[in-house]
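Shared between the two complexes below is chain A, which pairs with chain B and chain C, respectively.
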Partner chain A sequence: MSHRVIKSTTVQRRADPHLRTLLVMSGAIAVAMLVAILMILSVGVPVSEALAAFADGAWGSPYAIGASINRSLVFALVGIGFVLANRARLTNVGGEGQIAIGGIAATAMSLYGGCEELPYGLAYIVPILCAALAGGIWGAIPGWLKARLGTNEVISTLLLSFIAVWLLYWCVQSVSLLRQPMTSGGTLPESLTIPDTTQLPLLWSDSGLGIHLGLAITLVLGIVVAVIIQRTRFGFSLRAVGYNPQAARRAGMAITWTMVAALAIAGALGGIAGAIMLQGDQYSLKAGFSSGYGFDGLVVGLLARNSITGVFVAALLFGFMRSGGINMEMVAQVPAALVLVVQAIVILTLAGSAIWLSRKGVKV
Partner chain B sequence: MNMELLAIFAGSSIRLAAPLIIASTGELISERAGVLNMSVEGMMLTGAFLGVAGASITGNAEWGLLIGVLGVIPLALLQAFLSVTLRANQIVTGIGINILALGATTLAYREMFGARSNAVIPGLDKWSPPLLRDVPLLGSEVLNQVWLLYLGLLILLLCAVVMRRTALGISLNAVGVSPRAVDQSGLSVTRLRYGAVIFSGMMAAAGGCLLSIGNIHTFTEGMTNGTGYLAIAAIIFGNWKIGRTALACLLFGAASALQFQLPLLGIQVPTALLIMLPYLLALIAVAGLMGRQTAPAALTQPYQR
Partner chain C sequence: MADHQDMPVPALSLQGIDKFFGAFQALSNITLDLLPGEVHCLLGENGAGKSTLCNVIFGVHQPDSGVMFRAGQPYQPLKPHDALTAGIAMVHQHFSLVDNASVLDNLLLGQSQGWINYGQQQQRIKETLQGLGLNLDLQVKVSALSVGERQRVEIVKCLLRNPSVLILDEPTAVLLPAEISALLSVCARVANQGCAVVLVTHKLAEIQRIASRATVLQNGRVVTASTQPAREIDRLVRAMIDRPGQTNVTAPVVGDPQARRYTLSEEVLQLDGVTVRDALGVTRLDNCTMVVNRGEIVAIAGVEGNGQSELGAVLAGMLPVSDGQIYVAGKEVTGASPQQITRSGVGIVPEDRHAVGCITEMSLTENLLLNHMHHYSRYGFLQRRKMRDRAQALITRFDIRAAGIDVPFGGLSGGNQQKAVLARELTLESLVLLVAAQPTRGLDVGAVAAVYRHIQDARDRGVGILLISSELDEVLAVADRVVVFYRGKIMGTSLCGQHDRTAIGAWMAGQAA
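For the complex of A and B:
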């Protein structure tokens, strides 16, 4: 009898974390908002004006809503990959680099890979697939290093990120790589614009939202990964390898393959994010292409606390915040750096309360 | 390559390596104590800004340096509180603090200097060791560096001695390998780790000041631009050993100096390749292709009693 009581209270308390997450989330956002308002005041801009500009940029028009959502797709893809790898207790800090690699691959295929002439939408699908492949290989390297040589994946994915970002810089600086042909001294160090056929088609094209096919791709991939994690043999071996590699090996699981696959899939999703950024709204590759989105995606993955639904929520939050911040700088002359501070407060509050959030029924 | 070019190259390698050497010395102590302080980038940036702000207000670069080094302590305390007391993920808190520092310094800089972004700010003096300063080229080009570098080297030596020869050093090393053993021996894991993080923050800020009031005598938004991450890479390349880390910094400095030097010699190498080189070297090192890497066993692992 008493056993059953204990069991039922544990179950009850375990339902708590959602409430606690909600509590912490709203607390973090409230504090961040307060700080933001104080900072707006200190810059000497009327708060109402700044907030109006923020709202306008984030959700003020169909176009703004579309732009915010398109932006959040990138965060979501990187976040989904992070959650998957995290199942095997692997931390993928390399999203930034995987976006860059995906962007390079997609640009190369769209411009010089002969994709322009392909029929049936293959013109934009093939570059995405190639970006996934390139990102996957880039992600597999740290997986292999970890499994075979015991290299800490946090460090190797971070280093590979920097390497990829400079690789992209190199590609757009060098005419023999992806830089557009130099016609005058003023030719910018960026690639040519990719052909129309390789650009992602818009969904609901007459609504003015400007949301592209990336939304569908991201949703499908999110569902697929959720199913993989919850329902498949591979998802189970991810968790087993994460909890106890030795036991997993004895149970006949391929540790190396699982680790490599986990980080390769995360890398592939990062690569797809890069392709979607390029083919969905940037249309040409420039230095600084990845714009810190990989780190935002990492944070989204962390905040989601292992839930794919959580990834989508956090990604939307970040997408709208980024868009609003950009508009606030343009219209109300409040530096967009303000959004960075707000974002940092949210990240730090959530990171700091992680122990409390994950505490199960028992008091520690 | 003639002697003069060589001397200029050596001098600029040291100049570019100096902030790295100072920041990585602090970071190394923190990592040895088991805290991967990823926010070294943000702390350098904060130090760089506070140094400039302090120097501009007081009209004195040395006061600026002091303000920079002391002003970063609250940020370091935040990092320590999150990663040691609240046992938060050190990578997340590091990235969070980096974002915070980038946002806050950009805002504060625009607020303070917005209209006069080219204001002349007093800078730290240069110094070269006596006796050697009279040697041609060596004295004028190679060793004529901002005095803070020499102070940094002194602190580096001191750290090497403390880590190897004193009870404090042994405790710090132990807390990064087996915090439980340290706790059971009656020492405070929390206090040791807090101390290490604060020290790493102050050194990072000093490195940042060297970038701003030492080298270019001004501040630009996001001016550290990855230097902090490079300091972490240097530690990996140096296999968590203090001397080797400093040598790794010099190597990274030389790689950066090459991008200005090679064009002078008529050699065309993509700049990106040279900037990428330190990260590539660190990756090769961490992959174990240069002998076994031995990171402190409890690095990034919070301790719970």
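For the complex of A and C:
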């Protein structure tokens, strides 16, 4: 009997994707920067001034760096969830809504759930867990609809996202829900500030960075999801169900459960992102709380091309860009719209070069 | 038939074509001429390189070395579009039709730009159809057509481009006998019109009937060619399955039915009045009552579409029964999930390998262990080393040829894919019953023999086998009992050694004996 089993071919492929992801990203950013400079020139703002403002806002001070990283965490959590669901060929575009639901749950628990007095950090852990649960349920619904009724999850996660965002709006408008008591006509439509004990503790609090515990939580969750995807039977089922649900069912895998679980985990990560935003950063729930971060997280997940490392890299990039962009708008009077355009260019060049590289990879 | 005496300019000439996939050489120094007006049969086992060769000609793959000439001009297709422009058309093994669109729209797909003059196009199509003596309803949706009719649409779609080379990749694998006959007539007519027809096939009867020339591939090389294949069938078959260094050639069907021990022992499968009605209320399986014992092969024969697929799906747990009970080794499994059925010791080789039997995007290892995963994980974590060892053992034992244990399953040839599915199902823990539906479909002679060898080994170990097959000759040679289905009903049962072909034929046609 003859066997042509060659072992070496598979080993070579392994190291490739991460390196390539990095290459793609740095190349694309360079191009995007160039375009951005041209655009800044075209609105008549001195480039040096605009870039100085950008750099200042992104990494100009310990506080700026901390703020950028804190922002990245939200993108990363949503992106990690996106990558996990994408293993089962499920596209979770509901990050925005899952953030909102997580924010609502965390606010409710922090303010009215009796968490304030809990010992050992449970005061801030319990609201996070509740946010994960709420986001998980919000994600599980489209999973169930997809598995049982064949509803397209892109549509259902997106629509549920709108519902969640408006639910949040309602919560902060209505005194019987989460709005702070109306003491005067000028009371803003937002919740009370959550108690100190429910706020996430700062890491390296003397450094002035302002980075909160969310960093550790995000890193741990990222590693956990990477392990789930690559090393567990559940990760195996995710891929099998994604590629060929019929064959997966015949092989004894539970299609419904796998789909529901995939989107529920993605939703839970979105919920945690909402909790971290609230408890680490904003401390009160306001209208527009999710600020489009869910969609940025979705793009982070897309750009990461199924790699958790890629998610972290892309999330950091987006975090710093957002911070720098905000400052550029405030200090250098570069119009807000321009910041968005530049962001869009980054996304397009990244995605475009990724496709270009992968095509090239096939031929080489 | 065209006259080849004074060798016309080849419609297509291949010279020294090599093709590598990674370290694996799929084609090696292929030199081949296709002449106008001939039907050129391409033979070979699964994995011999037939499909790769077709894909190189059609521009799907580019050769690593060697040259091609199209009517004397250099021909270097970079994509199928180049091949089509050069007058080379191909009908793939798997159809590429838009189910929801009409036959007419499918035929016009990719052929017209800008405005479509339906009247004019329809006229042109009708003329083509007439020239071939074919009949197709242009307005009906493709989803309403039978497999044979769909294939006719594919062929007409190609012929509308007036190709001078037409490649048919295993076109008869999915057809009923009558449809095969019609297809071969079409091939002959197309060839008569001066087109070079390449027919990839395994079926010797087809070569006998239609081939002007034949070329046999093995391991990516041309091993022999014949200019009068009808007279040299024996030599061609030997060339296909002979392996240098391997003297013991197995015939497609092994074993002497008389010499077999035939023991009636315990029942491993019992169907009791099983009835299936589909969504439209049509009865697909009608009150089937039958038994499979330990250590016997029971075959379900019949013309395709008479309930065999439904029976396979019901036993796999993929289709609920409307009525009746199913017992495996005495335990009821009516309405059980696929997982419960696997746990009760039933191996399933599904009829549609790609849709149900495997996940082509995943690796060979992962496919080999697809339904055993609970043995290869601890606390939910995969045990990679254990998986690798197991896969390696199965690959050796079942002689699966692949470029590595982690190659994508879709890259394996049909025969090796089927061997892998068999390997997985036959090595289930506490296997008592194997349901094999069309296990040899689309496989070459060598792979067919291997499949039956494994099935018979399992039978000899005491596993009950339910073989669902439309290949009557194979069925008669291997089965201990043959049960004939007609419109979902059991028409009759024929015992080994007492097979009466006339009676079986009558049952298959729906006449009670």
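Methods note: the second predicted complex is superposed on the first by the 322 of 364 C-alpha atoms of A that agree within 3 Å, B and C clash if a C-alpha of one lies under 4 Å from a C-alpha of the other, contacts with A are read in each partner's own complex, and residues count from 1 in each chain.
Criterion: contacts are C-beta pairs under 8 Å (C-beta built on N, C-alpha and C of every residue); 3 or more make two chains touch, one makes a residue touch a chain.
Owing to the predicted nature of the structure, the values given are computational and were not obtained by experimental measurement.
Student: Taking the superposition on A as described, I'd like to know which of chain B and chain C A:239 touches: first, second, both or neither.
Tutor: The answer is second: A:239 touches chain C but not chain B.
Student: Contacts for A:152 in the overlay, against chain B (first) and chain C (second): which applies, first, second, both or neither?
Tutor: first
Student: More chain A residues touched by chain B or by chain C?
Tutor: Of chain B and chain C, the partner in contact with more residues of chain A is B.
Student: Give one of first, second, both or neither to describe whether A:163 is in contact with chain B, with chain C, with both, or with none.
Tutor: first
Student: Which partner chains sit in contact with A:347 here, chain B, chain C, both or neither? Use first/second/both/neither.
Tutor: Touch status of A:347: first partner only.
Student: Which residues would you name on chain A as touching chain B in one complex and chain C in the other?
Tutor: none
Student: Going by the contact rule set out above, which residues of chain A touch chain C in the complex?
Tutor: 1-7, 9-10, 231-237, 239-240, 243-244, 246-254
Student: Hey, which residues of chain C end up touching chain A in the complex?
Tutor: Contacts found on chain C: 22-24, 316-318, 337-339, 342-343, 348, 350, 355-362, 366, 370-371, 373-374, 377, 380-382, 392, 395-396, 399, 401-407.
Student: What residues of chain B sit close enough to touch chain A in their complex?
Tutor: Its residues touching chain A are 36, 78, 81-82, 86-89, 91-93, 95-97, 99-100, 102-104, 106-107, 110-111, 221, 226, 229, 232-233, 236, 270-273, 275-276, 279-280, 282-283, 286-288, 293, 295, 300.
Student: What part of chain A is in contact with chain B in the complex they form?
Tutor: Where chain A meets chain B, its residues are 39, 42-43, 91, 93, 145, 149-152, 154-156, 158-160, 162-163, 166-167, 169-170, 173-174, 295, 298-299, 302, 335, 337-345, 347-348, 351-355.
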